[in-house]
Amino acid sequence: MDQNSASRIRVAILGATGYTARELLNLLLRHPRVEVTALTTRQDTEPHLADVHPLLRGRLDLTLENLSPQQVAQRADCVFSCLPHGASAAIIEPLLANHCRVIDFSADYRLDDPQVYTHWYQVAHPAPERLAETVYGLPELYREAIRAACLVANPGCYPTAAILALAPLLKEKMILPRGIVIDSKSGVSGAGRNPKPNLHFPECNENFTAYAVGQHRHTPEIDQVLGDWAKPPVSVIFTPHLVPMNRGILSTAYADPAGDRTADAMLESLAQTYADEPFVRVVKHLPGTKDVVGTNCCDISLRIVQGKVVVISVIDNLLKGASGAAVQNFNLMYGFDETTAL
Amino acid sequence: MDQNSASRIRVAILGATGYTARELLNLLLRHPRVEVTALTTRQDTEPHLADVHPLLRGRLDLTLENLSPQQVAQRADCVFSCLPHGASAAIIEPLLANHCRVIDFSADYRLDDPQVYTHWYQVAHPAPERLAETVYGLPELYREAIRAACLVANPGCYPTAAILALAPLLKEKMILPRGIVIDSKSGVSGAGRNPKPNLHFPECNENFTAYAVGQHRHTPEIDQVLGDWAKPPVSVIFTPHLVPMNRGILSTAYADPAGDRTADAMLESLAQTYADEPFVRVVKHLPGTKDVVGTNCCDISLRIVQGKVVVISVIDNLLKGASGAAVQNFNLMYGFDETTAL
Amino acid sequence: MDQNSASRIRVAILGATGYTARELLNLLLRHPRVEVTALTTRQDTEPHLADVHPLLRGRLDLTLENLSPQQVAQRADCVFSCLPHGASAAIIEPLLANHCRVIDFSADYRLDDPQVYTHWYQVAHPAPERLAETVYGLPELYREAIRAACLVANPGCYPTAAILALAPLLKEKMILPRGIVIDSKSGVSGAGRNPKPNLHFPECNENFTAYAVGQHRHTPEIDQVLGDWAKPPVSVIFTPHLVPMNRGILSTAYADPAGDRTADAMLESLAQTYADEPFVRVVKHLPGTKDVVGTNCCDISLRIVQGKVVVISVIDNLLKGASGAAVQNFNLMYGFDETTAL
Amino acid sequence: MDQNSASRIRVAILGATGYTARELLNLLLRHPRVEVTALTTRQDTEPHLADVHPLLRGRLDLTLENLSPQQVAQRADCVFSCLPHGASAAIIEPLLANHCRVIDFSADYRLDDPQVYTHWYQVAHPAPERLAETVYGLPELYREAIRAACLVANPGCYPTAAILALAPLLKEKMILPRGIVIDSKSGVSGAGRNPKPNLHFPECNENFTAYAVGQHRHTPEIDQVLGDWAKPPVSVIFTPHLVPMNRGILSTAYADPAGDRTADAMLESLAQTYADEPFVRVVKHLPGTKDVVGTNCCDISLRIVQGKVVVISVIDNLLKGASGAAVQNFNLMYGFDETTAL
């Protein structure tokens, strides 16, 4: 690399112990215009990155530190927050005040309506006035707004897979906004790195379950963005399931057609919508999660069965569903080629 | 065991190389009233059972033989056919003529209408007149007919999970028969023991896919049995998926409610329907496949989400979805306690 | 079942929340001469068995209770303790005083020498005088002593696989007692049901590691029993590994030959040793864990490579390596057929 | 990328349907100095890359072609052969004659002695005179020779893990060359992409087996390279095992110490040997395969147990064990930074 470090964006990652931070680092460390200058943890011990993420040993010589927002702002131009909701907004507000640009992995700035936020997350939002102003970081839908944003709300993993599949069909009035079923299946890394009884290997392995049926917090996010594109409000039936594998989401969405278009016509319309997108591939075959794991791609296909439109989409939940999308957003915000490091 | 062998039913298993035959043997070999007298294969080599199924080494000293129907009929009172469709009917006809009672794992006698059979299986049926007469071997729905039957069509694995969840709700007019979505997920043993590219370990492992969307041959079987209980015909939207695990099916069914009953009321109705069933457990929590793998049980739960009824059911595809159901049918046919060996 | 309950042995299981207790119950509930009368937990909440082990829902209507040794002794003739070491001995002493017979899954009574126990477990033993007197519950080696025992120390899972493979070869002086390497690989259920960071699904899945190299507490147990059969003391090099699967242990043992016997001769000797054993199968092919998972069997094979004897053995760690062995011991202690319920 | 394509090395991949070719492409397509110009298959159908490797859809617009060596030589400066042994040498000879430089993934040029080759591979070598001249492509051992080579024999996956762990200890006379046991465990992708009964998902999943004990073709390769470093000849006892996971090899090697050095001293010596190596990390903890999967790294640790030296090493079998090593060799051959694209 012939770029000198002076031309690099200084980057900090907050909450660097989890899987999304590991994947993010794995991408950023091969980004020619990034210098990772700070990693934070809220724990008192300040471990070396190599001990937290053995996969990254030798790639970056930094320890995770328990830093104040001011310390972070001194070291970084751009901050990726991998903190959980609530904790994330609390630190993002002072970072913005200190002129950092921020990409937030949590749900704190994804919803427009503070009341919806409070209903689903059971806490009051620390900066409700910022909610409706924050850009939802799905480049395929909101690219121009992302370029100019100081704060980007990185989308949830389930919403990314479902929205990319459904939003164009809703916008083109090919499917009806009522009664949409989204039956989603996710690998276990989506549940984070903290051990829990139901994620203990012998409980999770060789098992398949639904969970949080009708109660998953990604529901209002899907409703909001789909409603934004469908115009009439949308209230999806969202059913997440846990698959005994590490990575990948497959979303099977069911909707009623709004006209009499054939499956081929709908598929062609999707293909045209995404023709110039570097990371969305509309395919005729039924895609599997292995087609996208390790990439920032979303593969989408469509069938009509007994008069019902069935749209299937796959992503890597840790990349297009989290860290890959974040780097894509970062590239847009700083004017780099959108595919850099991806 | 103090029963002498004279009082035992002599049993043959056709097509004994596959997973369903292995599971069937594992059950029958601890059945106090069964003597396994013949195992068949259509291959010329006649291997010992221990080499075909190492798990059963030492349990039964038999080789698999390439036997004619007449030879089978001489050795066995009751025949379980684990042959594929087409091959199964071809041998079952002479077996019935030779006074064997038969439990057929294939789809050959599940459908009532020869034209529907021909449409989905692309062959003419060798004994079309027997189709409408054959008992569908789901004890919870057709117990009395099974007791008297000479030929029982053992149900498919996907249909078992879906029908047990939906038939009572349709019969009680709690859900509408139109637009039912059945989003099913199965472990890989359901695809049989023959190696195929998409079932090669590194292709299948850490992957999740839909397959045969709108084209799976279990569809007409589900439509037929649900229609029989709903009375108006049913045409489900059926979407099977492959889960990277060995055993288990989870079915997530979506239907529109027919009245204004609550989820609790529907769940209570299901519980009452199955109150005396030894192998159906209606539960309040969301069941996972691990709750039933290794058993002949079907666990069912129900939610209402955004006005849509969501019914979740789980079975072991090789037991309640195949060999366990077959032994349950066998027990009914011969007047044994229905739970013997299960 | 035509036996009346008066003729049944009343059985209690201590520490009934874990995997070994679940497997034990699964076996005992089909044992014609057992009545399970008590299940204990050391937690204050007293959950129903169906909520602790959904797999067993409907099989037994008992809650787990926090019972004193005296309460257990009033309800049970025979007690299986699935408690961890230390906790187990503390309750077993009063149980024995109250005339219960006990099968202990912990390591508390496996070692003969209190000092060795203290060295490896870092606590003093509450009843050191009982150590050298307690029977090691490996029926293939100590069958007669087990029949008469009031207290049986159920063997560890790794020792069972390794000892069954090596003890006869040592006794027959076919291999040298020095420098034996035991490279063992276990499914994750062997580590118990408590969630831990390294057993979190995304950490454990698609990963293979060695652990506790040279420090695993099963080491002195292997040394002791092999030494008992070899006569000169044995100090094995024991290296356990974690396999991303639920069940099964494969042990690959390496030893120097003591003479010039061929591999076939050694295999034949093993076959003769175990000719009458219902649960040991000496085979010519290389066995895999799937050949024994779900059974109480140990499959053993042997090769000589570059002058080194390589002995490979497989068991189900939860059955022959724990609960199956316990039921086998129980059958011996009460004079039932050794294979009952297995 | 601002390099124009004139400055790029034109690269062909032979036998591009398998896993090593997919991984190789994934690396080469982000190499700034590579242009992939040809992909070959020996099948008559000439599928598009996107259909063979859906993961790479959109990355490269090429079909796989059934090309002659001359056609390949016209299009490419450097050829990576992912063909099986025998087939590989047959095409490499004309490629070399046409002035291509070649990196061969097969075993055809790894062994120095044609008789050893014939013994293990059961065929005569087409160019026996080239055997002893060909460079073994393990950069950590033979870096300078690789730089100048026209033909590099890319090492086997098992040998890479074992040799990196043991060669320095042998060279430094810290371990004895006799009686070395190498107990290796590999993910299933190492067995290739062709479906086989034992690699069928339900056979392989939840199973652990040894295979080819004492007969694996990587044995002479390990013996040869370790002997080259130890000077006295080496004959290892090599036992491969199959782990139910996609990627990764862990090698557990056992050797007798040659002196009285402590484990710490040996570990320190290893650390010094590899201090400047970009892809070997000597660590104190016990490494797992997940620490290296997706990277070109080999992590090594060491213990002494009961007087036996135990060396544990892990690699990604498809990267450091195949395609990553190939790119590392390519970088050396063309004078690029050794870590480019890795």
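Chains: A, B, C and D, in written order; residue numbering restarts at 1 for each.
To be clear about the criterion, a residue touches a chain if its C-beta (ideal position, glycine included) is under 8 Å from a C-beta of that chain, and two chains touch if they have at least 3 such contacts.
In this text, all values refer to a predicted model and were calculated from it rather than measured experimentally.
J.: More contacting C-beta pairs: A-B or A-C?
T.: Here the pair linked by more C-beta pairs in contact is A-B.
J.: Based on mean C-alpha positions, I'd like to know which chain lies farthest from subunit B.
T.: So the farthest one, by centre of C-alpha atoms, is D.
J.: Approximately how many whole Å separate the CA-defined centres of subunit A and subunit B?
T.: Comparing mean C-alpha positions, subunit B is 40 Å from subunit A.
J.: Taking the mean of the CA coordinates per chain, how far is subunit A from subunit C in Å?
T.: Distance between chain centres: 46 Å.
J.: Going by the touch rule set out above, which residues of subunit D reach two or more other chains?
T.: 187, 203, 205-206, 244-246, 287-288, 290, 293
J.: Given the complex with subunit A, which residues does subunit D contribute to the contact?
T.: 54-55, 57-58, 206, 278, 281, 283, 287-288, 290-295, 297, 299
J.: Write out the stretch or stretches of subunit A touching subunit B in their complex.
T.: Within the complex, subunit A touches subunit B at residues 179, 181, 183, 185, 187, 203, 205-211, 213-214, 235-239, 241, 243-248, 250, 252, 254, 286-290, 293, 303-306, 308, 310, 312.
J.: Hey, which residues of subunit D end up touching subunit B in the complex?
T.: Result: residues 19, 187-189, 193-197, 199-206, 244-246 of subunit D touch subunit B.
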